[in-house]
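Once you scroll down, you'll see the structures, which are given as structure tokens.
In what comes next, subunit A is part of two complexes: it sits with subunit B in the first one and with subunit C in the second one.
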Partner chain A sequence: MGLAKKGHKTAVIDFDVGLRNLDLIMGCERRVVYDFVNVINGEATLNQALIRDKNCNLLYILPASQTRDKDALSQEGVGKVLDELKKDFKYIVCDSPAGIEKGAHLAMYFADDAFVVTNPEVSSVRDSDRMLGILASKSRRAVDNEEPIKEYLLLTRYSPERVKLGEMLSVDDVQDILSLHLLGVIPESKSVLNASNSGTPVILDEKSDAGQAYADIVARYLGENRPHRFIDDKKGFFRNLFGSK
Partner chain B sequence: MSIDSQKMPNSPLALEFKSSTFSVPVLVLCSEDLVVIEQQLKEKISLAPEFFRNSPLVLDMQEINKHGYDIDIAALTDIIHKAGLLPIGIRGGNIQQNKQALELLIPVYSIHSSSVSTETQKQKTITPTPEPTADIDTDVTTSTLITQPIRSGQRIYATGDLVILAQVSAGAEIMSEGNIHVYNTLRGRALAGVQGNTEARIFCFDLQAELISIAGNYKVSEDLDETVRNKPVQIYLQDQALIIKDIVQHHKNHSRNIR
Partner chain C sequence: MSLLDYFRTSKVGSASVAKERLQILVAHERSSRNQPSYLPQLQKELLEVIQKYINVGQDAISVSFEQDENQETLELNIVLPEINTKNT
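And now, the complex of A and B:
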């Protein structure tokens, strides 16, 4: 959504076959006719399956199938769909399911860039490390011995207060473990829940902290230089400044 | 036949021969006692079961033949299969052993050291050399350089020295028949001298390892006390004990007083 808002024609593919929810979050679940698996099987054309976003006409969504299992996706089929999309779209975002199984493997296999989204917890960071290992060894670029996938780190559900209390890993802790370029930090925010409940991506909520964090992240990815705004505890800073507690 | 070959130019290329170099563990055998071999093989594998699972293997018969031992290749292969390893070659074998290996569909490799025995030379004449050769790189003197992080779940095996410039994550495993150098943080498992080289050492910039091992002598994270953690150390074997020492040797151990 952020990329499309910046004027780039963008497609989002949901690779979470069987557990589709991208269309829910994007608020287009009631317009799903065909899905990703239909396109791979030749039961529908891409144009029939792609759903144009109601908020932004440069954004299209290719929903996952809810009725098939993950074996319905094949590497060859996914490659074909991506090749076709490439002709028309500037960016193709593949939303990977959690885990290291087939869906995740196919979502990352053809990637040029990868965004690893992690929570500031040891187990989540460890899983991310594992995914990075797979990106570096099992992706098409790795297999064909090409220049490796560019990897970016997104740290989400971040709460500086809880970091201070020692309940959460800090940005530095996570950076230390993963040693990866940090594209942005998304604060823990009620606005995310509101957004997903109402089916409008949080980035459209320009007043929200999480929305702003995502906007910064997109801008940074596109080459803008923006300072990180959500790493430090701003509220705490002012609280301390005014001596109230 | 002739019709087929006429069709050839139109059909897409179905195969291609390429030459490439692999790193494959070599099992050097020094005993003819199959029971002992089986037992020691099991012990070695138990150190890194994940690494050895379905691992290819080249059998090295040089030591056996130097001592004039006799060993049944079929029985040996059986033991190795049972241990979950897959022999993909034999080297340094005599005529009898090589013939047995070929019957088991195990290719025969020549040793590219200067000391080629007359038997193996004779062997060459009856051994079909596959063309082009997939050269199995078992040269112990080569070292492997890695500049990318080794992530959780990744495994690296080097026949010679292993030099890593990036970090080794928790849940990663690096193994070498020689020395291991990690010029970064070592959080995973590091096993040097895995073929029994007790002279092998591990060097790392920041020791936070889950396990360190030299020639099968190991320590787990719990065994590492605070004085050796989070700093540059070297690890070596002395009288079968793992010694962990600051890389920088301070005079009269003054370094301890600073902290």
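And now, the complex of A and C:
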């Protein structure tokens, strides 16, 4: 959404076959007719399956199939769809399911850039490191001995207050462990649940901290120089001093 | 957060524990990431062969694989049981 808002024609593909949810988050669940697996099997054309976003006409969504399982995706099929999309789109975002199964494997296999989205929480950080290992060894670029995938870190659900109290891993802690280029930090925010409740991406909520953080991240990815926000405790010195809770 | 907290900075939160645990775990997992996948099987089969002749425990054998710039080393370590009684 952020890339499309910046004027780049963008497609998002949901790779979580069997547990489709991108449509719900993007608010287009009632407009799904054909899906990714239909396109791979030749039951629908790409144009029939792509859903144009209602908020931004440069953004298209390719939903996952809800009725099949992950084996319905094949490497050749995915490669063909991506090649076709490449002709028309500047950016293709492959939304990977969690885990290291076939869906996740195919989502990252053809990638040029990878965004590792992590919570400041032990299991999430460990799994991220595991994913980085897979990116470095099993992706197309790794297999073909090409220049490796560019990897970026996105830290979500970050709570500067809890970091300050020593209750949460800090950005620096996570970077020490994963040693990745930090693209941005998304603060823990009520607006995220509000956004998913209503099916409008949080980046469209320009007043919210999380929305602004995502906008910053997109700008940084596109090469703009924006200082990091939402990393430090936003409560001022005086508020700390005079004890507000 | 109050003024008192400034005098209680020595309190250690759970985050430092998390970081320490993760660093150890991730270092361990990274070192085993580049190992060939046959290693556990090799270790198991070697143990079976050795156990035919010597009475050793499950953890008596360790196999490690190291990779330098120009050579690969397979290190095999077998700990024999202490001989505390004369053989009959």
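By our rule, the second predicted complex is superposed on the first by the 237 of 245 C-alpha atoms of A that agree within 3 Å, B and C clash if a C-alpha of one lies under 4 Å from a C-alpha of the other, contacts with A are read in each partner's own complex, and residues count from 1 in each chain.
One rule holds for everything that comes next: a contact is a pair of C-beta atoms (placed from the backbone, for glycine too) under 8 Å apart; a residue touches a chain by one contact, two chains touch by 3 or more.
Treat the numbers as computed from the prediction; the structure is a model and nothing was measured.
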**Report entry** Contacts of A:177 with subunit B and subunit C, given as first, second, both or neither
**Finding:** both
| said: After the superposition on A, what does A:129 contact: first (subunit B), second (subunit C), both or neither? | reply: both
- prompt: Where does A:56 make contact in the superposed view: on subunit B (first), on subunit C (second), on both, or on neither?
  reply: neither
Across subunit A, the partner (subunit B or subunit C) reaching more residues is C
| query | For A:168, is the partner it touches subunit B (first), subunit C (second), both, or none of the two (neither)? | reply | second
Exercise for review: In the overlay, answer first, second, both or neither for which of subunit B and subunit C A:148 touches.
Suggested key: first
- Touching partner for A:204 - first (subunit B), second (subunit C), both, neither: neither
In subunit A, both subunit B and subunit C touch residues 126, 129-130, 133, 137, 176-177
Per the touch rule, the subunit C residues reaching subunit A in their complex are 1-3, 5, 11-16, 18-19, 21-23, 25-26, 29-30, 33
Given the complex, residues on subunit A that touch subunit B span 100, 126, 129-130, 132-134, 136-137, 148, 176-177, 179
The subunit B residues in contact with subunit A across the complex are 148-154, 166-167, 169-172, 185, 187
Residue set of subunit A touching subunit C in the complex reads 121-122, 125-126, 129-130, 133, 137, 161, 163-170, 173, 176-178, 235, 239-245
